[in-house]
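Look at the two complexes coming up: subunit A is in both, with subunit B in one and subunit C in the other.
== the complex of A and B ==
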């Protein structure tokens, strides 16, 4: 018996020794291996993986020499490459992250970095604008307060306050807007001229005309309801509070708000008159439906992306006019427009280089004017970008369209990105209710009910105002 | 009666077998079930060999079969391999990474699972039952429970974003241990172990010279299941490799393709030079299936025999 115990002790001791030696070996190996790059809360240095060692940047070596790690989605890769060309002295490790709008993989990766206290990228392009909500939450606090960075003060001043309002969280600018995506009023100028219709000035005029056109020309439609941006297109424009935080944990959600009920009634009447389609703008069937589209509020990228490239609407017909008014004031939604964030964990030389990067991608014409497909959010870059826009003769009345683009920037209604995904709730409730025969009123009631449930389940306290 | 007469009579019997209502119904159900399964698979494989122009114009006929061609597959491959910053090449790299971690993980799983299964089945040692229960619990443990602990451990040794921790963790394959345990319990008579000991073999010698040579099916089964689990593993690479562009595996790379496709992210993909439409995405998925098919075909002989592992006590 005693021999057996001695053997057991010997085996246990031996096993422990093997495990300890293996752990030491692993730890030893790791000291020469790379980490994830990016910031560390303890040292604040960039990750130990150099650009050269991973072969991911190809722009030289890093280590503690100020190399920065940036995460971007595929369309923003040229921005990083333009930066590398302009600043060859700054080594960049670029990671192309999952560009799925509404995807959770970036958020999950950051939760891991928060738990480990290291690994964050020094700068990131948030594919989903909603990401700014968790990135600025007290739990994560990833996105740095850029208002406190003197080198970026002039950059922030270069934005229209409405354009950068999504980054203004609690009075602090926590991100920089890449491109602006305000809604304008798109319409088929040829159809309007042929039928002597007047371009509407207000939201009420728009719905009245939509119903009239649907009556005069059965089948013609004046907008789409089924995509995630429709909530911005209609409810945000009407100042209906779906994304109105009172604090980090409190939000106003009130379907009985007069703005919500008024826009709800207008949508209901137009949908009943068959003036609006339950499809979403990105649906495959929208290509066919677009042949009957005569006008719609929509982001300024609708022109090049939807009308011209996707729906292939004939050239020379469409243009845009000034923002519609709500209660007498220009008021439109906003559909997209990406955000750049900077790590609050980065320090030293890396911080200096990250600030240089942020400044470049937000303002430099080499990216914003020459390469970016969206209207630059940064004011001084807008005119040079607009000068290159529409030169192919696709649009009708290009000067009016460009003026509409510029005037829409200041007309964007207040809206904050939240931890809940409003657009996703919209697509889960509105099109499904409408296509199953429900009314717009019933669809909106379901939308608000689901949105309230989701906000509460995330931990928000919901109030009516 | 000669053998030929018997065969002729059998053929006649088969041919003349009446189509009863029951038989007709059974065949009809099976044909419908097969069609339901095959319809999307044929459509998916055909999509990998079609062009975006054909898809867009809707001129490729039933299931797109009229638009299938090798040239389209070559074009789709060229587009896929052009994806990525600095001249592309990410797809091939991710494919190679998947091969590296899946093969390494499978080798580790075989190397560790078979001796562990043998020890649990045929050796007498203190705690044997306890470790068997631990193996069963580890088999049932969901991946999500382990995400943060695994990430923290790998981060602590500075190896996040590297391939080797993924391969090592994939080598941890409790199902393989259990499979080996069942194999040695049922396919290897206790008398064989006793005879080996009488002949003077130690535990190692018994395992390597007696147990292993009669365990080809078990090796094939553990290799196959381990490789398939590694190749399709999404969660572990997602947790450990997200921060490294070059070191991603195909399983998470496919998700990145989807995120960068105009089909799923129309607005953000508007500025892309390499656009991945349905045929390219289907082709990438088709390519990612090929190693599984190869491993399945290679292991098929053993898999069919190995299906009876544990069915009969030896």
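== the complex of A and C ==
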């Protein structure tokens, strides 16, 4: 009897303990072990503060009133303000979302909206260009097919097909490109002249010169390797397939592809010669490192955004030249050049107003020519924007630079945004391996294996070619 | 001795049990009334989500690319466990906790005993001083760390230079991250726990310490041989809550990843992997499976901690 009672007591005691422990652990979840006031539950919402606020006001899909909700990152706030000025009759609710490239909060918010079936903004400036992949997936289907919107037909015609190719998903235009961001070849013309260096024409020339400069002038660097765009700057330019879908569910990833191995070797040699920095262009530490930068492939916006505004490189030295050649053909990467998406869920008067908004932000000179820092992707805005560009005398040899801008538009190597985040995998593998003493080829091997793992984790079938 | 203690409890079998039954019927109502609000909250915030997670985790794992539904048995668990990041996240969290928990517990107990041993104004001032970092909100605290770990602006840049780290990318290399996280967690949490454990010490009867002193024990011996065993349940509580927090680590590595210019793994901890399953892959069954796995792991560790520390006053636990 006493044993059975003891067993009962032990059982109830044990059960109580389990429940109590569960309760304590969950309390630990909400009060974070009494320690910091933030844990998984609160940080989950930290990622979606903007989402929550829009969720409440997601009147956009209700079809009444005509007010629209738009999500933009910080640099695109002036676009919305210009729209409000030009169209005071349309009430706009602007939500500023996390603009970190590769940031996850937008993805999280939209996964929730798609699950709930409401709450989407009527239009969005996608945080990362990769976002267009999930936004057009059959499960989300957030981004409307703009080819089916008659009011936007002329707008779409105004784009060079190469420039809007990122929005062309299976023959449908699913977004409008804000700015074109092809890479050109940036260099310090004064340094080149002082040292009698010739501007490289091909990728091989560039790496050879980079190694020579690192030898002649120890400490001088010819590029950055550690940011999410470095994958575009180097691998995309070399036609090394990282983002090459074969079908909707099949992708080609092959580190043994001759283009990948060749670019890999060039990068490896240049990094060993200390010609390239493991930092990324957006790193705070790059400001200091940029004083040693003498040349780099880089997007059009490097000039105003990085050289002039962020790195504060002295005026009058830098210019850009034509795209470098790979296998004899001009071939460069593309770094961003943001995408505007319109909700497929919006109806009625709001749809009409959202279309007006899309048209404005993609084409209107009040934003694209007067305010936007990037070369407008919309063709007719390009010349007026170029006419204004560089009038402050910041650049050396402005005519050559403008010609390079124009010729770069056609030199962008093919690239499709995927459901995996190539740039994010790059920043997690390449700089980490390099700063802990690894070689560039070891870093690239790690990059490809992680990218393959991530592609498979999302459900892609990976093939070698 | 044992006979005298056990026999009276067994011998008068009839009456006490009757009284217990009568009392229990009256107490039952009161008990339910008092615990009612808690049970409701427990159902809403714990039991129902757990049941939902278990139900969800038994569905077929689907991704944004290959959506599918229906009962999938343990497939979602398979897809979570076979993910290339799964073991790494547990390894990472294991390293972080191996560094952090001992420092945390020793720090908490040591500081609490010190405060308790220095009564009066000095003790209470120090208690308040220790509490300050924990009282600052998480984000403000985090901004402080962003400065501390960035070698180019850090007040401890000398330390970073000695270690050979010159940029934030260097400083947040995989070897350093567990130490950075441990330091962040320690300074955020230690004050609060010193206050709690100190509360436990304050509840102990003074006579016991006096008796110890009269027997010739010095302050150190009183602390080690008298106070420490008596606050064991509080230490157990601190260990339990901190282990629970450790397994749910999310915000700190999430923000650290962003300030490290992306150099740190995006899925460093199990909860971050859960987040990626849910929102990048849109594989909710796998995310649910991860949360069930985490629940089981923390529950097992929790139950062990409870029985080892006598947290619920279980005498036979020791």
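By our rule, the second predicted complex is superposed on the first by the 401 of 465 C-alpha atoms of A that agree within 3 Å, B and C clash if a C-alpha of one lies under 4 Å from a C-alpha of the other, contacts with A are read in each partner's own complex, and residues count from 1 in each chain.
Following the convention adopted for this analysis, a residue touches a chain if its C-beta (ideal position, glycine included) is under 8 Å from a C-beta of that chain, and two chains touch if they have at least 3 such contacts.
Since the model is a prediction, treat every value here as computed from it, not as a measurement.
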Would you sort A:73 into first (subunit B), second (subunit C), both or neither based on which partner it touches?
first
Return first, second, both or neither, reflecting whether A:226 touches subunit B, subunit C, both chains, or no partner chain.
second
Subunit B versus subunit C as contact partner of A:419, first or second or both or neither
second
Could you look at A:282 and tell me whether it touches subunit B, subunit C, both or neither (first, second, both, neither)?
both
Considering only touches as defined above, state whether A:103 meets subunit B (first), subunit C (second), both or neither.
both
Please indicate which partner A:137 is in contact with in the superposed arrangement: first for subunit B, second for subunit C, both, or neither.
second
Shared subunit A contacts, counted only where both subunit B and subunit C touch the same residue
26-27, 29-30, 33-38, 100, 103, 108, 111, 282
For the complex, give me every residue of subunit A touching subunit B.
8, 26-27, 29-31, 33-38, 48-49, 54-56, 58, 71, 73-75, 77-78, 80-81, 94-101, 103, 105-106, 108-109, 111-112, 115-116, 118-119, 121, 127, 282, 301, 304-305, 309-310, 335-336, 338, 371-374
Interface with subunit A, subunit B side, in the complex: residues 84-86, 90, 126, 147-148, 151-152, 155-162, 238-239, 242-247, 252, 255-256, 258-260, 264-272
Can you list the residues on subunit C that touch subunit A in the complex?
10, 42, 45-46, 50, 63-67, 83-85, 134, 137-139, 141, 150, 152, 166-170, 173-175, 185, 188-189, 192-193, 196, 237, 240-242, 244-245, 248-251, 254, 258, 261-266, 271, 275-276, 278-282, 295, 298-299, 302-303, 306-307, 312, 314
Touch list for subunit A against partner subunit C, complex:
2, 13-14, 16-18, 20-30, 32-40, 42-44, 46-47, 100, 102-104, 107-108, 111, 134, 137-140, 226-228, 248-249, 278-280, 282-285, 288, 419, 421, 423-424, 427-428, 431-432, 435-436, 450, 453-454, 456-460
